[in-house]
Amino acid sequence: MAGQIDATLEKLGIILPEAAAPAANYIPYTVSGNLVYVSGQVPFVDGQITYQGKVGQDFTVEEAADCARVCALNILAQVKAACGGDLDRVVQCVKLGGFVNCVDGFGQQPTVINGASDLMVEVFGDKGRHARFAVGTNALPLNVAVEIDAIFEIS
Amino acid sequence: MAGQIDATLEKLGIILPEAAAPAANYIPYTVSGNLVYVSGQVPFVDGQITYQGKVGQDFTVEEAADCARVCALNILAQVKAACGGDLDRVVQCVKLGGFVNCVDGFGQQPTVINGASDLMVEVFGDKGRHARFAVGTNALPLNVAVEIDAIFEIS
Amino acid sequence: MAGQIDATLEKLGIILPEAAAPAANYIPYTVSGNLVYVSGQVPFVDGQITYQGKVGQDFTVEEAADCARVCALNILAQVKAACGGDLDRVVQCVKLGGFVNCVDGFGQQPTVINGASDLMVEVFGDKGRHARFAVGTNALPLNVAVEIDAIFEIS
């Protein structure tokens, strides 16, 4: 029997990616008490990096919001792994930390990170509403456009 | 009967702003256990954005520290809302995360963010002492000079 | 009788620095519940700042990873202080937040921050594995190359 969140994902036509395995001495998530700390996720799709470039130069705000959504799907894959596969154990999305690789003077980081924030609420409803920061940066790993980390509370 | 922290605020001549309402699917704060996670706050004053520009170019270090203080006032407004209006429930300011929109090579982020750190200790005394990071960035939302997020422990 | 982690440090030839004292109204760490929040650490060695410059211009990736290791040693010094001197109380390294002062387009922040991540696992074994973000920035305090903050769980 699929869980309620799995049913929501199916209704939304969202297939979560495989949770990427650890690549080094840092790992994709840790659990402390009932909090899951998810490492900064970048726009990997099927093991391939995507969205390499700067927002405001190589990508529009809309494209960057799509990139943020891809990062958020990778966050959800890690949270699902942390929950032993059962996303119904999510109590709330506590916080997102959003970094946008952008040109100087770019000021629409909130609209970019909304691509991730909106996904959380689509999937979890009010449990998906979260605190966050959305800031710019001059450089990200592999020159990706967006990196997002997260804290979730689970039961 | 006003609380002790409200009395301190009055003595300091500090009137907290209204806590800004959620603008999107992210919200100004979340509560998990006894921790309040406050979203990144920018220098809104009476609903108007202020301090738009780069530190080391458009603003001096002193002006930027004032900007950090304005961000911190907005943090306190959110913490007050999270406490149901009673700031005496604050156990400690656990952490501030400070981002300074600055020119390359600028190195006085700590002095800028002291504008927020100092306010916390003025208001809460030793309970206001906190861990923090203070870093630079090439771009912030709406081109503001400073963005600060926070974690508070409440009872 | 030395603790197990102290013995590991000795075997690795690692002498932890003195935990730097608070320099302002922010402090080097706070403890909330069983979590230690460590302030952003920069490459101080014996009270002197080191590694001042930009990665990809003034420092190679390898040099920057050494800088990250120095930051991580300062983190461990603060965690030891938070544990009352007994690092055996560390349950896990929960999260590192890594900022790399780098030129535009630099994309090897993960390799840089591995200098810190690797140290955690050398010292704590599996308890040292952590979530993290690794991002770029155009400017850091005192123009250092790397700043890292941390969350640890202790018993």
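Structure notes:
First chain written, first letter: the chains are A, B and C, and each begins at residue 1.
Keep this in mind: contacts are C-beta pairs under 8 Å (C-beta built on N, C-alpha and C of every residue); 3 or more make two chains touch, one makes a residue touch a chain.
The structure presented is a predicted model; accordingly, all values stated were derived computationally and were not measured.
The touch graph of these protein chains is complete, with an edge between every pair of chains.
Interface note: chain B and chain C, two copies of one sequence, contact each other through mostly non-matching residue numbers (shared numbers fall below half of all numbers used). Centroids of chain B and chain C (each the mean of its C-alpha atoms) stand 25 Å apart.
Residue numbers of chain B whose C-beta contacts span two or more other chains: 33, 137-138. Touching chain C in their complex are the following residues of chain B: 33-35, 91-96, 100, 102-110, 113-114, 117-118, 120-121, 128-138, 151, 153. Chain contact summary for the complex, chain C toward chain B: residues 22-30, 32-33, 37-40, 97, 99, 101, 137-143, 147, 149.
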